[in-house]
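One chain, chain A, links the two complexes that follow: it is found with chain B in the first and with chain C in the second.
The block that comes next holds the complex of A and B.
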């Protein structure tokens, strides 16, 4: 219960921050709220001010804002000529697909490789793997995408150079999705690899491992039946907290691969200084992050009986 | 039969010192480049030559669409990375240190409140928020560093808190309390020195994160227009046809610079860390 209250508080504070940003920033609040694409005469500015409620006291505006957020009314984009919530809804699916697939592959491969490398000896193979993931860790996702795009799509030409449209067939979409998912999975796997490796190295010295060995269990059996389960606990918290990072990474990957998604939306909105869209995206991503953390807490409880009993 | 091996083997100590030497050398190279950019760079980064020149003796990495010498841009770009990285990390570490120390020392309600705030900050999607703020502010690199610093202190705060919880139970702290020293005195002269060795590696990781964030922001075209950074160079190459025309010398070198600089900082942080388990726990 306390956890839920904490998440609600976090959500409340972040959404409130979102309310104050355009009102506190330098410049005309009308421009800040409507985006710079929207240049109007004085009368319509006054009309807009009345419509947006900017002439009312801040508290009233704040209450109205909460009403809008709860109805998911994120305002109107003058650059795209539609409701912000509609634009985001149309992009959300593809970004979620990219993020979801990458979390799946990135966590799985990162965790398994990290576990094997932490469990085994510090031989050249493991050292090379660690160095490789360390380099990936140090590379911004957008640059990794650029290099991969340049090599595989441009030089070798086995993958398409640009994004796709929603009408494509399954193989078509898979072809367009392969490289972006690869890049994002790699950059996520690099983080998970490091955590898992460190976690397994810590578990390796514990007594229950020695006991399992004394029972005569096989080496790999001990790793995946006993050590892996305990070592993966910090990983779950980390993946949840990393959700924000992963989504941000996905935004950049989408931009480089010109994919249909929230990343390209941000890029276009930035060029037009379309603030309502930027704010809407921030809001939606916040909600996604908080929900992900909440889910991770539940999963954590299912996996770790100690936590379950506390409740 | 294999014994449950100790985490550190003999060979890795040697390897570690070698890689930390590499890190120091790399870091120093970039540091000197940033410091003496005006002496080392062959040209002024704003001086115009013929556009789109391929690499040659005169221009080692060619020129961009405006005819600026890319090598010189690259050398000057290290300044932005270094300034933003260090500036943001100093601020973030200072905040994280204070929050963690006070939460760990006072415990109870103070701890609850401070850690509650930390949890909220931990959940803010940082990159989207920075994008939003940068779009409003039309930023200089100081503002970028400031915003990054204000958002990146959470993990430092957590680590410092758990360590200072431990340290504040130790006997020398208790005896300081009995001797009647003030809380401020105990926190900064008794607890702080025992925490510094876990703060320094965290500091280096924050520098790395700030550098990557700055590069990403500049890649979106939100960088400081008065100073060319590596991310901004890649942005220009990306939006002005460098990629489509296969002008690799335009966008690959700045990306490599980001990678190498971040790598040196991360490795430096690791080699400063003492415990092997902590060495591999990136967070």
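The block that comes next holds the complex of A and C.
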């Protein structure tokens, strides 16, 4: 209960910050709002101000703002000529799909391979695997994207270079998704591999592991029935804390692969100085991070009874 | 009839400080249905013997000798063969119950696991077994206890769970490594009573490692005394406590609060470079000329086994 209150407070603060930041920014709000591709007269500026309620006292603006947020009205983009919420909604799905799939594969593969590697002896096979993941770990995702794109799309040509359309067939979309998901998954898997490996090595020495063996369990059974669950606790925390980085990594990857997602949207909005869109994206991404942390907290509680008690 | 023959068991550990000789040429028989107490000061190698029997030692351990169980040498079995014996024919109770249980699984599931692994019981059946077992171990509401986690139980309750687990499959041998360590006196007594009751019922033998001489006197049929990796005396419990043979045994009994409270002079020896000759000679008041350069071998003497030149 306390936790839920804390998350609600976090959301409240984030949404409020999103209200104040543009108003604290230097320069004329209308210019900021419309971007620099418009030149408007003073009368239209005043008219616009009145229409947007910018001439009212701050408190009234704040209350109106909350009403807008609750109605998911994030304002109007003069650059894209549509509602910000609509633009974001159309891109959000693809980014969420990319991030979601990558977290799924990256966590699954990273955790399982890391667990096996930490559990086994440090033989050449495990050493090679660790070196490989260390190498991935040290490579920024966007650079990895460039390499992968160069090799698979440009040199070998089995995957498309660009040209992602939402309307394509399933196989078409899958083809475009494969490489970006691969890159992000690998990059995530490398982190998870390292954490899980270390975590399993730590659990390996604990008494309950020895006791499981004394009960008559075999090696793999001990690893997957006993060690894995305990060792994955730090991993869950890490993935939750990392959601912000994961999303920002995904944005770069999207740009490199010319995917139709939030990354490309941010890129375009930045070039056009489209503040309403940027603000909307900021809001959505932070909410995503908070929600992801909340989910991780719930999962953590399901796995670890000691955490559940503290609620 | 003995159910376990330990012959010339030696266990060493490779460490950064050098080679630790934790168990040094230990031989003894464990009779079926008897209670054998293994006593000795901390670090003398008691737990290592216990772990050797089930081959639960870490990778840096080297074992030699034989541990015969029926016609099998436990030290030479494969992991798979050992897994069948562990928990089912030979079970162990660790001295640290709360750490021995997995913190993220319910108590009941950790008990059920035993039936699932060894008896291939369905999850429904093993749950029923586990619940009835909890009831027998004195849990008022076994259904409720089934759903608890180790962190929600006290040390004493977790110890009961470990005992329940150790007895569940009617093993031939139960190894209990200081099962009452850290418990208050009343609980100690209760737990030991429970252990003995079920042990008698199931006709298991009990290999009890303990620091508690009173417990050893009260429940053990025989006592084995260890010093610096070696067993220095094995005798029937009444004989041992009435008239200990080995000078170390005499010193120990004298150092008890119920006796003279007179500590044995000198410090426990290093396990990396133990004293030459008799391990106990630097602290022995009765040592002979030969003691400092020759090691006494274990010999039989009036129904006991003793490692000391005084009884040659």
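In the analysis below, the second predicted complex is superposed on the first by the 302 of 311 C-alpha atoms of A that agree within 3 Å, B and C clash if a C-alpha of one lies under 4 Å from a C-alpha of the other, contacts with A are read in each partner's own complex, and residues count from 1 in each chain.
The rule is short, and it goes like this: a residue touches a chain if its C-beta (ideal position, glycine included) is under 8 Å from a C-beta of that chain, and two chains touch if they have at least 3 such contacts.
Everything numeric in this text was worked out from a predicted model, so none of it was measured.
Contact with chain C, but none with chain B, is seen for A:230 once the two complexes are overlaid on the shared chain.
Touch counts on chain A: comparing chain C and chain B, the chain ahead is B. Once the two complexes are laid over each other on the shared chain, residue contacts for A:238 go to chain B alone; chain C is not touched.
Within the superposed three-chain model, A:139 lies in touch with chain B and out of touch with chain C [touch as defined at top]. After overlaying the two complexes on the shared chain, residue contacts for A:126 are found with neither chain B nor chain C. Legend: residue contacts after superposition of the two complexes on their common chain; A:213 is shown touching both chain B and chain C.
Of the two partner chains placed around the shared chain by superposition, chain B is the only one that A:248 touches, whereas chain C remains out of contact. By the touch criterion stated above, A:258 is placed in contact with neither chain B nor chain C.
Within the superposed three-chain model, A:64 lies out of touch with both chain B and chain C [touch as defined at top]. In the overlay built on the shared chain, the residue A:22 is in contact with chain B alone; chain C does not reach it. Shared interface residues of chain A, touching chain B in one complex and chain C in the other, are 210, 213, 219.
Contact residues on chain C toward chain A in their complex (touch as defined above): 54, 56, 79-80, 83-88, 91-92, 94, 96, 99-105, 113-114, 117-118, 149, 151-152, 165.
In the complex of the two chains, the chain B residues touching chain A come out as 1-2, 4-7, 9, 11-12, 15, 116, 119-120, 122-129, 131-133, 135-137, 208, 212, 215-216, 219-222, 231, 234, 238, 243, 246, 248, 251-252, 255, 258-259, 262-263, 266-267, 276-283. Residues 6-7, 9-10, 13-14, 17, 21-22, 25-27, 32, 118, 121-122, 127, 130, 134-135, 137-143, 146-147, 149-150, 154-155, 191, 194-195, 197-199, 201-202, 204-205, 209-210, 213, 219, 238, 241, 244-245, 247-248, 251-252, 255-256, 266-267, 270-271, 273, 275, 278-279, 281-282, 285-286, 289-290, 293 of chain A are the ones that touch chain B when the two sit in their complex.
Listing the residues of chain A that touch chain C in their complex gives 206-208, 210-219, 221, 225-226, 229-230, 233, 303-306, 309.
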